[in-house]
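Chain naming follows the written order as A, B, C and D, and within any one chain the residues start at number 1.
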Amino acid sequence: MSFNSFGHLFRVTTFGESHGVALGCVVDGCPPRIPIEAAEIQAFLDRRRPGQSRFTTQRREPDAVKILSGVFTDPETGAQVTTGTPIALLIENTDQRSKDYGAIKDAYRPGHADYTYDVKYGIRDYRGGGRSSARETAARVAAGAIARKVVPGLSVRAALVQVGRHTIDRARWDWDEVDKNPFFCPDAEAARVFADFLDDVRKAGSSVGAVVEVIAEGVTPGLGAPVYGKLDADLAAALMGINAVKGVEIGAGFASAALTGEENADEMRLGNDGAPRFLTNHAGGVLGGISTGQPLVCRFAVKPTSSILTPRATVNRFGEETEILTKGRHDPCVGIRAVPVAEAMVACVVADHYLRQRGQVGTPPDWPFARPAGAPEEIPAAHTKVRE
Amino acid sequence: MSFNSFGHLFRVTTFGESHGVALGCVVDGCPPRIPIEAAEIQAFLDRRRPGQSRFTTQRREPDAVKILSGVFTDPETGAQVTTGTPIALLIENTDQRSKDYGAIKDAYRPGHADYTYDVKYGIRDYRGGGRSSARETAARVAAGAIARKVVPGLSVRAALVQVGRHTIDRARWDWDEVDKNPFFCPDAEAARVFADFLDDVRKAGSSVGAVVEVIAEGVTPGLGAPVYGKLDADLAAALMGINAVKGVEIGAGFASAALTGEENADEMRLGNDGAPRFLTNHAGGVLGGISTGQPLVCRFAVKPTSSILTPRATVNRFGEETEILTKGRHDPCVGIRAVPVAEAMVACVVADHYLRQRGQVGTPPDWPFARPAGAPEEIPAAHTKVRE
Amino acid sequence: MSFNSFGHLFRVTTFGESHGVALGCVVDGCPPRIPIEAAEIQAFLDRRRPGQSRFTTQRREPDAVKILSGVFTDPETGAQVTTGTPIALLIENTDQRSKDYGAIKDAYRPGHADYTYDVKYGIRDYRGGGRSSARETAARVAAGAIARKVVPGLSVRAALVQVGRHTIDRARWDWDEVDKNPFFCPDAEAARVFADFLDDVRKAGSSVGAVVEVIAEGVTPGLGAPVYGKLDADLAAALMGINAVKGVEIGAGFASAALTGEENADEMRLGNDGAPRFLTNHAGGVLGGISTGQPLVCRFAVKPTSSILTPRATVNRFGEETEILTKGRHDPCVGIRAVPVAEAMVACVVADHYLRQRGQVGTPPDWPFARPAGAPEEIPAAHTKVRE
Amino acid sequence: MSFNSFGHLFRVTTFGESHGVALGCVVDGCPPRIPIEAAEIQAFLDRRRPGQSRFTTQRREPDAVKILSGVFTDPETGAQVTTGTPIALLIENTDQRSKDYGAIKDAYRPGHADYTYDVKYGIRDYRGGGRSSARETAARVAAGAIARKVVPGLSVRAALVQVGRHTIDRARWDWDEVDKNPFFCPDAEAARVFADFLDDVRKAGSSVGAVVEVIAEGVTPGLGAPVYGKLDADLAAALMGINAVKGVEIGAGFASAALTGEENADEMRLGNDGAPRFLTNHAGGVLGGISTGQPLVCRFAVKPTSSILTPRATVNRFGEETEILTKGRHDPCVGIRAVPVAEAMVACVVADHYLRQRGQVGTPPDWPFARPAGAPEEIPAAHTKVRE
């Protein structure tokens, strides 16, 4: 069951509400003897932390993570390492303003989970969105920091490729740009466009959607499962499970509907090392639910932030019609903060499947007739042509 | 774990290869005392069965389903009903032509799972695609026929809305048309366009992708889970797990990236019965991972069939470069046959979450302050505006 | 997967080492709107807490539990209730003496998990037994306090019925005695025998085993699963999973091997209310893996504490032969503290199956031809004759 | 969830009723490239098959197993091997006598699952016990035949050590005797006593209980999980989940309650090869839930067959008091047939944990400071002293 857990062998369980005492996660099944320090996890949390620019919510919290269990000093190296037992990570909530929740306490904000939580459970913690707040994703980012270390050679990076109707120019894609602007945008010029556009959106008290792209490199071929729990199915669930996501695609994605079989086929040749090479990556690194060894390429759409300053018609829990608008700290484009969360989710999926493959088949698979194919030598990771 | 199982309380495990002895599934966790006859399941299988028009593979198999277990005569009604124990369904393979598999036996067909199965397992049943064949989806359709009966009032329907670059006109959407053309297309005029287009594609030995839309009505509000196992995340996994699917979206989907918060908000009013009504359904029936009571609206992209008559460059399992083309029975547009499969998968997801909700919260939830919202009275189920 | 989780719908994940920062658990899947206060959980923890008599380890910790998430104020009643989201419970470790672990750091204490943890993980937190310490059971007791509230009318009580070769006299069984002596013993006279015996054992630096009996009343009939996940199978796993337990039995248990079918059959009659009644309970409340409605009766054996003052031959992690004896705080009979833990585990199993049954079948089942049978009117819960 | 599935990475799902069309199982997660022939599975089924002596039920069925999926010809060796996809095994029911079920159709046989199935599901297949029949265990034996091949060097053997009050003499334990008598008894002399005793029981239309012991050798050290899913907890669930089992113990089991810490400690020395050796095996091969590398030693008690010729008081589904006796084919001691089933269940548990350990930790673990300990060189596997 997976009400609040994710993964099978690398299993993450999160807990906590936006304005409760604390939030956190338990990472179970992590291999032992992996060096890990709180500071490494903190670095990823700091990247996700809101309030770092005028384009994300002004809630300011240190989001300081504590490791409660599952680590110990390696007697040989003296480094702090995982022990194979559950790693509990805790982030205390410090910025719990005692504000008046009068409006959202009873009325259902359109686009938010207020109504559905009330219908499902008959009760909800309305403070800051409670369990449905994007604040929960801090726990995922923390877990992802561990997941990254489980798979040797794994690199997972994400970037914002569209805001509203403004898209990047893929020819200008530069990973080094991603951390130089407040949007995780790989195209410096597009970042300037995003900034101007979002300033307008923000001043209007409005919001706008976005598209994020995630690329995972160093993914061992052979990860996935043939029918259910396909690697791409698990990636789809992981990304669709991020707050406000409404669509997910792998490789050529929705654009593949308009392709012919000839266009879509990723042909293969041998590389100089004698190992198979794919000439293109329309598949986005997954064929038949199983990784090809090429970069995983995923893209997902984030809807506009539902909290806006314009009043919207709604009802309240007393069965009355009313109107609501959302004041206070909010993101004009929640897609920005989804970038580090997406990296974490993809890392968790890959780590889980890496351990599952090792469990069922052993590793490294040493088949006499097939060697893992690397990424195409001359083709950039984010090469996949997408619908724009 | 879910190598070959799907769902938690309503749990489907499938088995079987395309050209093996038989394929089938075990449905575990089905509630007892649900009337079910093999003929009801057969009706859905017949709808999926290939070889019914020139647009789907000419493999002709009766796909006759046998119920092996889990049903018994109700002593009160005399009807055959489920007993709550596992329902095993068997479909024997009869059309196993003893053809020469020489080419695909050793060489990896681009776009197929040949290479990835070999890398993963070190062995594969290459006959007709083995486990990765779309034939496996017959087992899903069979399971879906049972899932539909688990949730009172549930209706799940799907339709083909795009083939290649040709899309339907949503103003002409008519569910009655869906079973009148070989494409499950709800727009009679578009169906004629599809037919001409696909005839050309077929004659050229080529293939093309498609987009399918699934609508589930009668979905109880409150289904889903707040963080992992969100209803939309499980739908995404279910649909991405169908062969050849490369993208999934819910409600406004990828189009929501270009919307503003004002446009995207589904406002609420009270209906004449005093129950909440949404005025639009950009959410596609899910908010915060939990069903709203509105129709679930999902869309997914299917890549073009990888089996084409044009030779493609590839390698074989001996580490040699070679070329391959696929002769024999194949679909020019595998998206067509995905339509009944998609219905089945969505039915399984809803049935599972229906039982999960009943387990955790009980049913019907009788909250003092919230009544389930029905679909908007005046708005058609498939109303969501999509990117085209 | 269940490395550190237990249950399916009512799912408990624990974390923490004996001398780490903190230990605790996440309870996922708990129904919403159940009133719960930290004080209620604390009461059960206090009962388990060591150091309350000379017969249990002198480690003195307040074991103060904090609820971190998953509860909120009910807007109608003002009471703190569950919200249906994960309930995280935290117990900070305060008594972490900075002692010298030199001996147990490298050498493997016979009967302890030192060797097996090192072989499994290649590293272990040796401080106080780390993850294998009985201290972890505090988290289970905390979870059990919530589980008890999930099932209406459920009562779970346990008692120590044997210490070394000394057994209670079942004719003197009095539940009121259980909390009047430091052994949870239902026979006041036996408690005096236990006290004298254990004083000798303790002074000798030795230890001794025990048998605990758990009785659950108010268990709805129909809980369990027919083949795997039988109620008794899950109870067996739950109790065998308590530290130092080496045997588990249900109802007549091992004694049933010597019974005839005539002796063992629990005959049925109708009670005054017209509902079925069993005349005996050799089954211990479970037939075919499914609860009968009679009291669940489980018994389990706890081995003697492995930490003793007599030196034992062992090896160390450097591959050398050595000897070891255990100084410091330890229980002469670890079976005593297993009593509240066993209650918690049984409560968790019953709560999980209660929700699973509600999920699959709905509740209350209202079959036309069978009403749940209560416990036999004239027969005490703990009546089952056992081998002694 | 595990209504009808068992295991996590090596996962077995069974289906089928005693007198339905067929029964069988799906084995998911089996590693690829393991040679397996139907004949190998059949050999284990033949050993379990009833009707081979006057001491087991006279139902005569060939129990012929068919492999439906998951195997293919290894291109290198030409042998039939597993492919890593689900292995479906089918056993058709041929001996479905169309007898009159009048009595058991409505009345609840004491000791059987009739009442509990009706209370749980509101319906049951009463023919031959339906799903609760011991016939279901054929599917487990079939799965176990595969599980045995997953773990290199694994040997799992079981034996009947007690029938009624008659126990074997452990000094005469001889594994070669087990297949020379109809009781799987390792003591030829005890087998003669069992025969005389069971002849009397059988002629009296009565039945009697039994105790079975299972020994698994070649179990890699390090298998298990630290808290939940402990190896011994999973073994307890697996064995308690066999029909009619009422108690399970590991190693010294219930006898350990009467031992002192000094007696119970399994001391360690180094063997001639420098690897650790245990001097005794009171632990039964498990410490802290993790395998030690010593033989796993489990024992379980089977209650007397509930079907007897003496009428017993009961009620029927119409709420009337009545009497019932069981005519027809039945075992005087169902414990006999539990022997091969127990071997299969233990093999499945070990295979599952073997893959789980490989998944989390990798294999072989190559720790610098600990080498796996073998079994004690001079000590027989079944040496553990037990209560008698």
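What we mean here is this: contacts are C-beta pairs under 8 Å (C-beta built on N, C-alpha and C of every residue); 3 or more make two chains touch, one makes a residue touch a chain.
No experiment lies behind these values; they were computed from the predicted model shown.
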| item | value |
| --- | --- |
| Chain labels contacting subunit B and also subunit C | A, D |
| Most distant chain from subunit B, judged by the mean position of its C-alpha atoms | C |
| Copies subunit C and subunit D touch via same or different residues, half shared test | same |
| Geometric centre distance via CA averages, subunit C-subunit A, whole Å | 39 |
| Centroid distance [mean C-alpha coordinates] between subunit B and subunit A, Å | 25 |
| Subunit A and subunit D: spacing of chain centres that average the CA atoms, whole Å | 45 |
| Touching two or more other chains - residues of subunit C | 1, 3-5, 8-9, 14, 29, 32, 75, 84-85, 120-122, 131, 226, 356, 360-361, 368 |
| Subunit A to subunit C touching residues, read off their complex | 1, 3-5, 8-9, 11, 13-17, 20-24, 26, 28-29, 32-33, 66-70, 72, 74-75, 81, 83-88, 90, 105, 120-125, 130-131 |
| Of all residues in subunit B, those that touch subunit A in their complex | 1-6, 8, 14, 108, 110-113, 115-122, 131-132, 136, 162-165, 201, 206-211, 221-230, 232-241, 243, 246-270, 274, 276, 279, 282-284, 286-293, 301-308, 310, 312-315, 317-321, 335, 356-357, 360-361, 365, 367-373 |
| Subunit C partner contacts - residues on subunit B that touch it in the complex | 1, 8-9, 29-32, 76, 84-85, 226, 355-356, 358-363, 368-369 |
